[in-house]
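Worksheet: the structure to be examined is printed underneath.
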Amino acid sequence: MTGSELDVSGLPSYGFGHRSLMWWGTFGLIAIEGTLFALAIGAYLYLRSQSDTWPISAAPPLLLWGSINTLILVVSMWPNHMTKRAAEACDRVRARRWLLACLLFSLVFLVVRGLEFATLQTRWDSNAYGSIVWMLLGLHTVHLLTDTYDTAVLVVLLHTGPMEAQRFVDVSENALYWYFVVISWLPIYAVIYGVPRLQ
Amino acid sequence: MNAPDHAPRSRLKDGPGGGSREAAALDDTWRDPPGLLGWLAAVNHKSIARRFIVTTFAFFVAGGILALIMRLQLARPNAHIVGPDLYNQLFTMHGSTMMFLFAVPVMQAVAVYLVPLMLGTRSVAFPRLNAFAYWIFLFGGLMLYAAFAFNAGPDAGWFSYVPLAGPDYSPGKRVDFWAQMITFTELSALLEAIVIITTVFKLRAPGMTLNRIPLFVWAMMVTAFMVLFAMPSVMLASTMLIMDRLVGTHFYNPAEGGDVVLWQHLFWFFGHPEVYLIFLPGLGFLSAIIPTFAKRPIYGYTALVLALIATAFLAFGLWVHHMFAANLPELGKSFFTAASMLIAIPSAVQIFCWIATLGSGRLDFRTPLLFVLGFFFILVLGGMTGIMLASVPLDLQVHDTYFVVAHLHYVLIGGAVFPLFGAFYYWFPKFTGRLMSERLGRWNFWLFFIGFNAAFFPMHLLGFQGMPRRVYTYQAGLGWDGMNLIATIGAFVIALSVLLFIVNALRSLRRGVEAGDNPWGAGTLEWATASPPPPCNFYAIPVVHGREPLWVQPRVKSDGPEEGGQPAFTHVSGLAADARELLATTVLDARPDLRLNFPDPTIWPLVSAIAVTVLFIGSIFTPWAVVWGSIPIAIALTAWFWPRRPETLLHLSLERRP
Amino acid sequence: MSRVQPLAGRAALVLLSLMALGACEREMRRFDTPPDNRSRPEAPRTSALQPAEARSDPVRMPAANGEGYDENAFSVAQGKRLYRWYNCNGCHAQGGGGMGPALTDDQWRYGSEPAQIFATIVQGRPNGMPSFGGHLSEDQVWQLTAYVRSMSGQLRKDVAPGRADSLQGREPEVGRDREPARPGSK
Amino acid sequence: MHALHDVFAPYGPQAGEVRALWLLTLVVCLIVFAAVLAALAIALWRAPRSGSDARSAPDLSGLRRPEPGTRRSVVAAVVASTLLLLVLIVASVFTDRALARLSTEGALRLEVTAHQWWWEVRYVEPQVADNFITANEIHVPTGRPVIVTLKADDVIHSFWVPSLAGKKDLIPGRTSTFHFRADHDGVYRGQCAEFCGFQHALMAFFVVADPPERYADWAAAQRHSASDALDEQQLRGRSVFLRSSCAMCHAIDGTSAQAVRGPNLTHVASRGTLAAGALANTPEDLKRWIADPQKIKPGTNMPASALSSEDMDALVGFLQALR
């Protein structure tokens, strides 16, 4: 073929952050899920605006477990951060260790989440308030479950291999998604536990 | 990390063009595996897109047939061809099919085929996800039609207003199937949006800076972003609906603090952008076709891009104009009136730019251009009626009458289907290597154009005379008989023209004139490669020096680096020819950035899609399906993700740290 | 192997058509009211109470066991509407019972078979259950019967109604588990 | 029953205002439409033809030198269309205001409740004793504003009388109000405009505008309960009514039939149509309707009644006597 060639054989074969395709995929997911959460919260506030009493024939959810959970989540950002750093340094051993820590955190979190559901003081089928509260908490829990499973798979992979640098990119993007799961929880927490206490 | 020694070294590098040994290797690398299993495992964006286009078109024909039955029923007053029960299913299926199974996915399908070619790359990002999205879409559509065949077709309208669609007034499973169809199709659309966005941002050929991206690609990217923010709304709404129906939640139950207007807000927050999801790709087609047949670059490229983006933003600010008749605060309404009217301005900008392009070019009247001209007549008329609907007082008179039916068909068929047919004629040679017949093409166009106006123009007047939408019959003596008859005749003329199109496509597939690489003398990259393109699209990735790369000649090197910082290279070399390796470029100015490994074909996207289908359909009958159904999904997805050893070794051999 | 495949194919086909029948059965909207059959055993009214103006004629017992109503979601939904319209709630509440016995439990004084419930509705029962014979079309009685059976989870899950657009008493019929019907005494 | 139903043959101030706005909008839109097509036509006519030869080189001059002429016309066109849009927005908002400002002095108050698939109309008078209920036919005095309170019993419906005013939804769990005025006496057809199930198509109603005194007579008659002056036949018909399924859903004031699930039949004979405008109010149609409503309105909630022909004649005779 005539003409002058632009030889790219020297380029790196992977990169982190927005250089990687994975980052853009994760970004898309975050945009979608973020919109979903925002709309669900919007629906919550809309229903509240339509009702004379709020919460409807129920006491506000108990603060204890929800707050503990929030704490756990916030703290979990630390091992998450370390995982991301290890991954971006392509350090398999440390990545493995920290990712395991993340997994433990999310498992603890899921257990407490179970207790949290028990202390909402309303059922999904008792009235619209109950429905939307369960909806919000359920939506967030689904994201936790998926990301927990995702983390578990990565942990196993980091132990068994086969490994290539691309897998570190996956680990780092998984960490990015976990950040989203944590950050998105804070407004949901505020709405579920705060709004019923507003007068 | 360093490659182990036993890793097979990849030696063949691309660069030499077609015919060379490297080219042959590239073909083998990117070709789908042989056999039935290979067909099911295919991930090549062109194979997936071909299936996607054919599937969506099949749904288009199905939806059209439903419409014909409705028109037969309405041709005369007090007709008894179908009763209210079947009629309600018919118009619900027609609306749902056209909106969810045709209009949006067909645009994405065409994009999945063309975008990589226009960007000068060898695949879409996430090819397996792309395949998965197709299978999910297919299964969702098939489920809906299976339900219809079993007399469980949804019957509460494509908009499924509660409480009519709620558990109290829609017994049985009909609406549940509708709600799950939403979940299927929106999931597919969302994944495709991610695929398209990532492809556009990361896989452009070197030198294709943001301001050189073809306008069709711009349109699809803007559309993809709109999908990200619009579709979650309807997924949330339909999930709430199905939960109200199956597990007794009260989102839409006024007696328990719920609210039926919540549905309308959530649905139209998706539903109005939906119109532009369908419309913007149509504009993209025009911006691709017009320059080619005007033999000049498009006029006002920047203005056109900004108009697309402006439309996308405004589209989220006018959903309430579907709800003027539901008692809402007056003040808000005038805001939405203004927003609904102002969205006409970006469209006006584009129309004037196209007219300018046509006026200052040298015209070549081929069938694609005919459909473009049809667009001008129909869409502009539809836009005018749209402006009328944006005004609260006028809307309150014609809302939910046949006037709206006329309006929405003028906008959607004029704005999307005419450009789409133009696009079929335009890119058919690229898809198949053969041109479609011009003679049949002209017949197809004129029948469609005349039939369309005969079918839908009278509906404006019917609306003024008080004929509401979604009626399965009407009484004699109301003065509606004549125009309904004309509309029915028009509908059948449209059917005839679509039939002609199918005949034309099938005949041209075999006996069409050989097209060659670039039959129209167009300027964008998809015409730089063979028709149909080889599995790898390009034997050597081109380097881009302008908006119409095939029209602008690269300057000689002595000029030094030109805009975009690219010296005058003509093409890329050095990507592995015996491995699925792709060049990623930087987001803004498309500088070469990474050599990325792409996954091989695999059956797992199909398996995962089946697993997901089991869960979705199961959950219509028992909530527990969500629990046990998620296990096979987890397994399938893991198998999908889990790296294969030989693949990994190959990648290691190509690996190089930043 | 070569013999298995056609067999499998046929099996799938049969399964599919069964599904289809099930679905059509469930989803059919029955509009045409079957005429009341006039040649059926007559029975005395066992309650003086009647809506509007009392009739003196005997009531007609069901010929069959109300085939086709229990499997049809639309009939059950119509039954649910009539249950509300004709103020069955007045005594039976939302099935929970009040002046009248509960309908959501497993205790059936006069039997839980469709025909038995039909008889209860048309004949009436002592201590308050009015006699609706002649005041309701047979079709409506069967619809009510089907709905009443759904209240105690006697019907298929894909036929039983979901929650109503009203204040909810207890979980929707679709969520109720079948309780073995046995004649109890209350 | 012949009735008017045309957006552009207005017989009330609301529809009138809308018609004025409509004419303005139509003119503006036609001008724009014509202008765009003309511009397109000129462009196509001016532009030279290139043979369908793919190899004929494209004209790239536009890339190098700017095109001031073209630019000017495009900008001008955009500005012009923007201005016209602003005109329309202002006109629309002002019309909206004008509609909201229409006086409701001494208005007649109605409460309309929509059911699948008929309209319940309650006249709300200053003295509760004067209230009365009818169905599917709204009588109003000409020249007097009417305030309608809209409610829905089951699903969403929409109240629309094209010749008098725009539409408003009736939404379960909400009440909305709506007002109109009929300036000329006549019969105006209305219809449900929001899809509401099987019989959405045959859910019509009529607004009968009479001169005030004729309206007063009608209202006075409606307030009386059904008269007992019945002959043998009609008495038998009444007992058929009360002893069959009719009385399960319908009410006739002055009898033991007090159900509210179907239209109130106290003065059914005084109405122009049956079954929400689906049938003319004649003995034959009434018989057909009672014998098998599903034939006429499939899906309607009224069950068929298997009556002996004597009973049927008696029943119809009785209903015809309810004027």
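Residue numbering begins at 1 within each chain, and the chains themselves are lettered A, B, C and D in the order written.
The rule is short, and it goes like this: a residue touches a chain if its C-beta (ideal position, glycine included) is under 8 Å from a C-beta of that chain, and two chains touch if they have at least 3 such contacts.
Fair warning: this is a prediction, and the values are worked out from it, not measured in the lab.
Asks: Of the chain pairs B-C and A-C, which one is connected by the greater count of C-beta contacts?
Replies: Between the two chain pairs, B-C has more contacting C-beta pairs.
Asks: Using mean C-alpha positions as chain centres, tell me how far subunit A is from subunit C in Å, no decimals.
Replies: Here subunit A and subunit C have centroids separated by 48 Å.
Asks: Which whole number of Å gives the spacing of the CA centres of subunit A and subunit D?
Replies: From the centre of subunit A to the centre of subunit D is 51 Å.
Asks: From the mean C-alpha coordinate of subunit C to that of subunit D, what's the distance rounded to whole Å?
Replies: Roughly 37 Å separates the two chain centres.
Asks: Residues of subunit D touching 2+ other chains?
Replies: Subunit D, residues with two or more chain partners: 154, 172, 198, 298-299.
Asks: Could you list the positions in subunit B whose residues touch two or more of the other chains?
Replies: Counting only residues that touch two or more other chains, subunit B contributes 83, 85, 163, 168-169, 247-250, 253-256, 259.
Asks: Show the residues in subunit C shared as contacts by 2 or more other chains, in ascending order.
Replies: 29, 31, 163, 165, 168, 171-172, 175
Asks: Got a list of which chains touch which?
Replies: A-B, A-C, B-C, B-D, C-D
Asks: Which residues of subunit B touch subunit A once you look at their complex with the stated criterion?
Replies: Residues 1, 13, 15-18, 125-126, 129, 190, 193-194, 197-198, 201-202, 206, 228-229, 231-233, 235-236, 240, 243, 247-251, 253, 256-259, 262, 265-266, 269, 539-540, 543, 554, 557, 568-575, 583-584, 587, 592-597, 634, 638, 641-645, 648-649, 651-652, 654-658 of subunit B touch subunit A in their complex.
Asks: Residues of subunit D touching subunit B in their complex?
Replies: Subunit D residues touching subunit B: 2, 5-8, 15, 17-18, 21-22, 25-26, 29-30, 32-33, 36-37, 39-40, 42-44, 46-56, 58-63, 67, 70, 73-74, 77-78, 81-82, 85, 88-89, 91-93, 95-96, 99-100, 154-156, 158, 160, 162, 165-169, 171-174, 176, 189, 191-202, 277-278, 298-299.
Asks: What residues of subunit A sit close enough to touch subunit B in their complex?
Replies: Residues 1-15, 18-21, 24-25, 28-29, 31-33, 35-36, 39-40, 43, 46-47, 50-51, 56, 90, 124-132, 134-135, 149, 153, 157, 161-167.
Asks: Quick one: which bits of subunit B touch subunit D in the complex? Just the residue numbers, please.
Replies: 83-85, 88, 156-157, 161, 163-164, 168-169, 254-255, 259-261, 294-297, 299-300, 303, 325-327, 330, 333-334, 337-338, 341-342, 344-345, 348-349, 351-353, 355-356, 358-366, 373, 376-377, 380-381, 384-385, 387-388, 390-401, 463-466, 468-475, 477-478, 518-521, 523, 546, 548, 551-552
Asks: Could you list, by residue number, the parts of subunit C that touch subunit B in their complex?
Replies: 19-20, 23-24, 26-29, 31, 73-74, 76-77, 80, 157-159, 161-168, 171-172, 174-175
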